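Both complexes below contain subunit A, partnered by subunit B and then by subunit C.
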Partner chain A sequence: MGGLTFDWIGVLGGAPLEWLELGVLTTLYVTFAGFLVATLIAIVLLGLRISEKQIIQWPAITVVAVFRNTPLLVQILFWYFAGFGLLPADWRAWINDDHSWAMLPGGVGLLTPEFLAATWGLGVFSGVFIAEEIRAGLMAVAPGQREAALAQGFGHWRCLGYILLPQALANAWQPVVGQYLNLMKLSSLAAAIGLAEITYQVRQIESYNSHALEAFAVGTLLYLAIGMVMGQILLRCGPRSGTMIRGGIRRGP
Partner chain B sequence: MRIQLDFAAVLSQWPLLLNGIAWTIALTTVATLIGMLLGILCAQMRAKGPVAVRFGVGAYIELIRNTPFIVQLFFIFFGLPVAGVRLSPETAAFIAIVLNLGAYAAEIVRAGVEATPRGQIEAAVSLALTPFQVFTRVVLPPALKKVWPATVSQIVIVMLGSSVCGQISVPELSYAANLIQSNNFRAFESFIVAALLYLALSVVLRKFLNWAGPRLLFGR
Partner chain C sequence: MIEFSLWDILRNLLLALRWTAALSLVAFIGGGLTGALLLYARLAGGRVTDRLIGLYVQLFQGTPLLMQLFLAYFGIALFGIDVSAWTAAALALTLYTSAFLTEIWRGCVASVPKGQWEASSSLALSFVEQMRYVILPQATRVAIAPTVGFLVQVIKGTALASVIGFVELTKAGTMISNTTFKPFTVFGFVALLYFALCFPVSLTARYLERKTYGPRH
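Up next is the complex of A and B:
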């Protein structure tokens, strides 16, 4: 590696620094939006999946199988190139208009095809995985818990809401956090459809002043830092197994 | 608005798709074979090696597991030339995918190895097996058997993740699909076809690994 010199100012100063700031903001926004979509999708899928009727389970099983067994990149490309084209023409025109009110702080547009496709793609993909993790957590709850609840006169939904789901969530919280962190990391794939997040900005710096090593090192550290902070926050906010009764998740449905 | 579907426009490009499938399979196979070996080696190094090695391997595993695959790939393909290492897209993809699976496999294998009962190792040592024999004959097979479901999932994830290699123009399946849709604007059809092919590949891969694991690695 003789003669290799590093120039960090070329990455952490001037225009590249501004790009990186924009990239971090975009990654955070798309992660948060994807987080919300993923949570909603997971709730819906879980609701379908734990139903006792086969006809209701079946669509959920199909959705889970399809989205878990195809690459996220293909899904994102699909939503961006094909899914967006399937929207009615006036919707597309409306989304492509300028919306000053839909500008997030820092100048990241919320209503752009790139942001919407990335959010939706990440959300659906992660939601499917999260639903399955929680279902696994549900299956790990001892059968006696359900029987005891039913014996004490709990109905089906109350038993689920007060007894089974809190324990399932506590069982599954670690892998669920892993899925949310994965969502953050996978947001890097949105660079493929031109969403200006960290990976996109790093490549832009690389082609601007060819500081490839420095740019990728900074990008790597940014992902590492965001992941560590996000992981700590989610783990602290979540339920812990063994303490679910006092752990603050007594909230019913 | 009427949508006219024209799958023939996509399927007529079958040589591209077939080439894509071949590349996806090649990337997955190399990742699995070398990546698993790397993973087993790293798991052992992290558990038994000298402190410096342990720290180095730990750093490698955490770095890979906590950053996106696409960033790792870009680092190898776009970053290393600055340091004087110029790689073809294909070589860069193979290196990145092996390093990626290696890190995840190391953690999975370590979980299995740690679950080995002490008595088994003591019994093997008292039968005068060398440390290498103890590891390859006594510790590893049951460890792999325990973690095989997790390993299969990880290999399928890597197969799906190989789609990212198209971003540095390795002609694998998703690259082929993207190329086809940019030639004939049949985005919907070409991504549906690609998704179905990936679906089939992952079902077959899962079945194959569940079949091959017990027969080739840990004897039922």
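Up next is the complex of A and C:
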């Protein structure tokens, strides 16, 4: 063989460039939608998990165990092939219709089985992990905090909302951000059900002009770049454990 | 049209499960050995080795496993070497596992108090003797629970090998679902089989963690 030569124009020009732009947009959209679903699911699961009644805790424990111990790819395939088929027929027809209002800027359809299954799959999977991270953060709050709050007449939920959860969120924010970043990286699995995000486009370029190494290198760098920006934004927005309550006293001005 | 019974579906999935188990074992054992070598190099080597291995870890932890699999499958082929899906998957998963395990174990070694290193070197133990008699016995105790926990991630990771065409449990599930038109049953079974494989490992990891870090009596 005559050595390895790189041709970046084959990836960063013409049709492949347009595909990559569409891919980045789709990855961003599905990540954002998944982010919303994951947050919602995490809140619900956490609410069930920290209730004082065993009967309410058990469903949450089961859900967590099932979704943590099966591969996300299988879950996405399940939602896409089996879950979607369980919806009533007229819902499916409605989703498969053309919706001009559900077109996101850049020409990415929001109401497609692929987008919905990917969003839901990613959201449920990440939500389960996020709920467990926050619960771990909750368990790391000193027991005196709860006792002091109860002694001052706070009820179970108000004690959680005002005293325990703010500290738990600060404790767990780093791993929670890690889970959100993981959600972005795992959106690559949606390529398996045909969602046209970065990984899908990279494979398309590979089969279009067989620029495998260049395409995968660009794809990997795109994920790395999105991850770095997203990580910075989330870390800036979140609570900082340093400035939060430590030992019950707020430090500094 | 041929009718497929439940047993037909389950039997074929169980046959494919062997490949999931085999790939997990190869990745875990290969990754463990490579990870141990990298850990040794990192502890014994100088700054440059440490940086290089740190970069290796960053690379594999910061990019999607799917991309790594594609790169192993399509990338190696560009060098004129013909790789089967099995080889590419085993290679990519082994490297991925080694990066995670070496980082986990480095943390465990770092958790051994500095005084242990100082005391053992003041007793004139060589580096190998220090590791063998003082550091590793203490680090191993800490390492067992997270290592077993990571095994779950490896087993789940093997599902991605289906995307490059390696016929393990997930790929078999897709194929069977396409022929039988029973996606609900097939993917339900697939998920159940993964659960049966991973859940006992998860429970073991949690048990070991309690045993190591839990309150002593």
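Keep in mind that, in the parts below, the second predicted complex is superposed on the first by the 241 of 253 C-alpha atoms of A that agree within 3 Å, B and C clash if a C-alpha of one lies under 4 Å from a C-alpha of the other, contacts with A are read in each partner's own complex, and residues count from 1 in each chain.
Rule of thumb we're sticking to: a residue touches a chain if its C-beta (ideal position, glycine included) is under 8 Å from a C-beta of that chain, and two chains touch if they have at least 3 such contacts.
Everything numeric here is computed off the predicted structure, so don't read it as measured data.
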Mind checking subunit B and subunit C on superposed subunit A, clash or fit? clash
Please work out whether A:146 is in contact with subunit B alone, subunit C alone, both, or neither, and reply first, second, both or neither. neither
With the two structures laid over each other on chain A, which partner does A:158 touch: subunit B (first), subunit C (second), both, or neither? neither
For A:92, decide between first (touching subunit B), second (touching subunit C), both and neither. neither
Touch check for A:66: first (subunit B), second (subunit C), both, or neither? both
Looking at the overlay, does A:227 come into contact with subunit B only (first), subunit C only (second), both, or neither? both
Subunit A positions touched by subunit B in one structure and by subunit C in the second: 1, 4, 65-66, 69-75, 77-78, 81-82, 85-86, 185-186, 188-189, 191-192, 199, 202-203, 206, 212-213, 216, 219-220, 223-224, 227
Show which residues of subunit C lie in contact with subunit A when the two form their complex. 62-64, 66-67, 70-71, 74-75, 77-80, 152, 155-160, 162-163, 170, 173-174, 177, 183-184, 186-188, 190-191, 194-195, 198-199, 202
Residues of subunit A touching subunit C in the complex: 1, 4, 65-66, 68-75, 77-78, 81-82, 85-86, 185-186, 188-189, 191-192, 199, 202-203, 206, 212-213, 216, 219-220, 223-224, 227
Subunit A partner, complex, touching residues on subunit B are 1, 3, 63, 66-68, 70-71, 74-75, 78-84, 156, 160-164, 166-167, 174, 177-178, 181, 187-188, 191-192, 194-195, 198-199, 202-203
The subunit A residues in contact with subunit B across the complex are 1, 4, 65-66, 69-75, 77-78, 81-82, 85-86, 88-89, 185-189, 191-192, 199, 202-203, 206, 210-213, 215-217, 219-220, 223-224, 227-228
